[in-house]
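Shared between the two complexes below is subunit A, which pairs with subunit B and subunit C, respectively.
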Partner chain A sequence: MTPHWLPVLIAIPIAGGVLAPVFSRRTASVWGLGVLAATLGVALGLTGLLADGVISYPMGGWPVPFGIELRFDVLSAFATAVALISALAIWFSSGSQGRVTSPEGIAVLLLCAGGMVGFLLAADYFTLFVFLEILSISAYGMVAMSDERGAGIAAFRYLLMGAAASIVILLSVGLLYTLTGSLNMGDVRLRLPDGGLPLYLALGGFTAGFLLKAAAFPLHVWLPDAHATAPSAVSAILSGLVVKMGVIGLLRTPGLDQLHELLLWIGAASLLGGALFALVQDDLKRLLAYSTVSNIGLIVLGLALHRTGATIHILNHAVVKAALFLAAGAFIHRAGSRALEGIGRSMPVTTAAFAVGAMAVIGIPPTAGFTGKWLVTLGALHAGRPVFAVILLLSSLILALCYARFLVALAFRPARADIREAPVRMLVPILLLVALSLVLGLVGGRLAEFVGF
Partner chain B sequence: MEILLVEFVPGIHLHLRLDALGALLAATAAVLWVLVAPSPGNGRRYATFLGLTFMLTLGVAFAGNLLTLLVFYELLSLAAWPLVVHDESEEALAAGRHYLAYVLTGGTILLLAIAFVTLSVGPAPFGTPVDLPPVGFVLLLAGFSVKAALVPVHGWVPRAHPVAPAPISALLSGLMVATGSFGMIRVFQLGAPTPVALLTTVAALTVITGGLVAIRTDNLKRRLAWSTISQMAYVPLALAVLDVEALAGGILHIIHHAFMKGGLFLCAGLLLHQLGVRRVSQMTGVAHRMPWTMGTFTLLSLGMIGIPPLSGFVTKWVIGTGMAQAGAWLSLAVLLTGALLAALYLMPIVHTAWFGARAEGPRADPSARTLIPVLAAAALTVLLGIGAALPGFPLQVARLAASGFGG
Partner chain C sequence: MSPLLENLDYVATTILFCIGLWTLIADSNLIKKVMGLNIMETAVFAFIVTSGMIEGGDAPITGPGAELPFMSPIPHALVLTGIVVAVSTTAVALALLLRVHREHGTLDIDELRGRW
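Now for the complex of A and B:
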């Protein structure tokens, strides 16, 4: 009976998204929250059942590898984070006049969540591609929902680059099919040829496409504008969840081990590049966006050096970065602009939450960001490549100084008298995510056991 | 007594453990925080982080393995930052930036070191000697030396002390620097695989440089900060001798120094608050306006130099005998030079304050209540000196802590 829940898990948010436009502005958020709560419930239930092994569902009863297969494995458990963070983003925006909580906004947001859930459950490369398109196109739409100047251009640029990545990935899927005669992930792995140009083209295509979707340096150029201009709740989803689909796609790529050296250097470049660009940002959301590039670097480095560490960091960074973007949204909401000097004094709770989140994203032990950083450092030393451990630690040092500089502007400048603490509907999601990040930081041992590559 | 909390990274628990060494640091922190706490009117943020830093210092004291030590050590660095920049002046914020850059770099080196150690010997709980890999050992000492303010990574100390509020300077000098030395002691507790001549050299250099710069520094709090750099280097100097008695002296020095230097900084704070005196050159004759404050200052200075029977003498005596036993004559010479330098940078202050031209103006000693902390620090300096040999006093506990060391 259990496997039938797999298509249900995908169908809930997608159907919810399709139905969302029939609701009124007042009821749409409630609908969105309900749909995501149901998604979260099913995803949590399936995650609980993972102890008994990976859950597989052959669509329409066609046996694997001939039919379409859905699989719920450790990576698919990320669907819980997808549902939770999307729901908190809606809660955060509820009651505001922004487009996020309009019926269309909720529809796009739910479709994006559904695309991500489908992407996580897909067990063949074509289905993977289809859901990647669903989530990407809704993501372009979410960026365009912003009222900020330049949001349209940012969204369009994101669309162009994302579409290029999609085409490359689709071509690679085709190439892989001609090489192996199969699209099922498990089956492809068995039939993969030992080498040859076509194979390397396919692998290269997957890697380039997914690295672009993940915004790894130097393919990150679309990210800062898109994440900084999008509404903050959307930024939380984009930075926390959507870019993670790129690295999860890499984890699903066959023959990833052959790209060891490339991943090392791309990861290192991302780590340092992201941190250095973050250093010169004056805008909080751009700082957060570049710190995402840096953290993606950590994950990509981890793909080569310590896959468990990378996988744990996918989850931990999602929670932490979502909290930070929501906190930034609360600051901007109260300040009425991007000028945030001295605002922290009038918003002590949000500031404290932001500070804890910043510690986590830097990777100060024992917060959530530390586990991945520690494991990848160990991996680098174990592999006899200490230079990557040094790059990793250096970049988190640079990030620490970026966040410190911002916290000074926030909390150690003259207070702004006209500002009050963020409203409860914003505070609760932020505090929930921060609390969750503290818990995740303390249970690193358990997480590693769960991931267990 | 120990407790394993959560397994926060695979294979390593948050591990709390009580031993003689940790208990000494914790007790010192408890007393020092009580002395500096009565400074009302600094607001909520100050009170919050003052409490947090105390909690985290206790964490450093009770950490049961290297990574747990790092957790509390890093958090302590961060929690002290808002206290350092409490004034929010541009100068304080700039000093805060330096402070953060230094201590976080130190923490990062430590993390790398601990990763090295973990790869070769596992979580490394204190109390069971292990074969530290030489790279890890050197990196560990390098990481701890930033907060321990060893030359050439001492830069944050003379910047942060003058701008921080006086009670915070007292904590920085009394215990923040000491946590770095404490970390080094923990490393030696795990094992010392390589010759430690390098540590001796660096510590000796620090004792002498710190003292020399202190003589030439006019800003009172900065002079005291340089004195801390010079004095706290006794601990690594004693450690590097690899002698149990010298080690006991080093441990003892952390405690005795904390109260003396804490008291001196509080006195400096009172001078600034009552008379606006910041510089040694402004202190001519101030003893006539603030006899109680300067009396205490004089007593604490004598303790710092190491005049018997004050507590500073006891530590130097114990370290010195240990060094003599081990035949480390060069270290002993450095130790004595350090004491001489202390006389040279502290006695001129005392002299000008008492025997300089009388400062005009009414008596300006603060109320008796405000004086209690500095008087208590002075009383401790006398008590810990006279009673040093009594059972249950720090010297006995420090010997107990040192006796547990393998090498």
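Now for the complex of A and C:
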């Protein structure tokens, strides 16, 4: 019976999203939370069953290389994070008057979550493409939910680059199909030719497309505007989850090992470039956006050096960056503007949570960010490429400087008496995520065992 | 026959793809960028459809009168789905452009840069 839960897992958030517009403004958030709780429950159950091996489901009973297959493997377990973080983002915004908790907003949020779950479960390249489009199109819409001036342009630029990436990915799917006569991931791997221009074109297309979706340097130009202008709850989903889909797509690409050298240098450039750009930002959300670029760099570097470390960092960074963006949202909510100096003294709990999150991004043990960075550094040393370990440590130092500079501005300027601590509905999701990041940091060894590439 | 002439369909789709890409990158009008995107999409669809074609192939419908060889139906099914995706992307793009035009009063990227 177990495999039948795979299509159910995808159907819950998508059906929930389609039904969301019939609810009223007050009940839509509750509906969204309920749908995501159900998704989380099913995803957790399936993750628990992973110990017995990968779960496969042939859609419609068509045998595997011919029909559409759904698979639940270690990467698919990220669906738990998708459901959890989306739910906390809704909780964070509940009660506010913004577009995020309007029935339409909840619908788009749930469709995006459904697209991501489908993307994680897809076992053939075309299904992967379809779910990539579902999640991307909802992500463009989510950026446009912001009332800020310039959000329309930011969303449109995101759409142009994202759609171009999608076309290149579709072209590569077509090339792979003409080369191998198959779309199923396992089957394509078996039939892949040894070389030749069409194969390299397909691999290059997948890499370029997914790296753009992941916002790796220098393909990151759409990210800062989109993530900084979006409502904070949406930024948490975009930075925590949506960009990760690009990296997971890379992990699903056949013959990734042939791109070893390219991934190394793009990862290093992204790691260092993101950190340097973050250093010159005055706006908190832009700083967080560039720090995402840097962390994506770490993950891309990890794809070449230590795949377990990269996979762990996908999860850890999702939790941490979601916590940071929600905390930034709480600051901006209370301050009423992007000017946050001295606000830390008036909001001690949020500031403390933000500081723990910042330590996790920098990679100070025992927070979550440490495990991934440690493993990738070890990978660089084992591979005999110490230069990448140096770049990694350097970028961590620069990031530490960015966050320290900001924390000083938050906490050591004259307090602003008119500002109170963030409301409970905002504090609880932030504290939950921060606590989770500490737990994830402490069980780093178990996680590595669980991923075990 | 030279390989280029033999694969005339691939040559044509490549040219079409490049036209779309050029429009997407070089044109300063945002609506034309969306059109460029659509041209690129069409090129990829054409490429995938023609990859399923066989010289003298028949529609893949079994029954009385069916004759081998059949054309591969899978690329056609893929492209149908792809067209749906492309239409949705275009719809969202145009909706966003409506908002951009309402906020800034122009759709020209050079004019937008000054005001935003």
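Quick note on the criterion: the second predicted complex is superposed on the first by the 453 of 453 C-alpha atoms of A that agree within 3 Å, B and C clash if a C-alpha of one lies under 4 Å from a C-alpha of the other, contacts with A are read in each partner's own complex, and residues count from 1 in each chain.
Here is the rule we use: a residue touches a chain if its C-beta (ideal position, glycine included) is under 8 Å from a C-beta of that chain, and two chains touch if they have at least 3 such contacts.
Here the structure is a predicted model, which means the values were calculated and not measured.
If you put the two complexes together on subunit A, you find that subunit B and subunit C both fit without a clash. Residue contacts after overlaying the shared chain place A:Gly174 against subunit C, while subunit B stays out of touching range.
Put subunit B and subunit C next to each other and count what each touches on subunit A; the higher total goes to B.
In the superposition on chain A, A:Leu394 makes contact with subunit B only, not with subunit C. By the touch criterion stated above, A:Val280 is placed in contact with neither subunit B nor subunit C.
Contacts of A:Val18 after superposition: neither subunit B nor subunit C is touched.
Legend: residue contacts after superposition of the two complexes on their common chain; A:Val54 is shown touching neither subunit B nor subunit C.
Applying the stated contact rule after C-alpha superposition, one finds that A:Leu375 touches subunit B and leaves subunit C untouched. Between subunit B and subunit C the least C-alpha distance in the superposed model amounts to 35 Å. Within the complex formed with subunit C, the subunit A residues making contact are 126, 129-130, 133, 137, 140-141, 144, 149-150, 152-153, 155-156, 159-160, 163-164, 166-167, 170-171, 173-174, 177-178, 183. Residues 6-14, 67, 70-71, 74-75, 78, 81-82, 85, 88, 93, 96-97, 100-101, 104-105, 108, 111-112, 115-116, 118-119 of subunit B are the ones that touch subunit A when the two sit in their complex. Subunit C contributes residues 17, 21, 24, 30, 33-34, 37, 40-41, 44, 47-48, 51, 74-75, 78, 81-82, 85, 88-89, 92-93, 96-97, 99-100, 103-104, 112, 116 to its touches with subunit A in the complex.
Within the complex formed with subunit B, the subunit A residues making contact are 308, 359, 364-366, 370-371, 374-375, 377-378, 381-382, 389-390, 393-394, 396-397, 400-401, 404-405, 408, 411-413, 441-446, 448-449.
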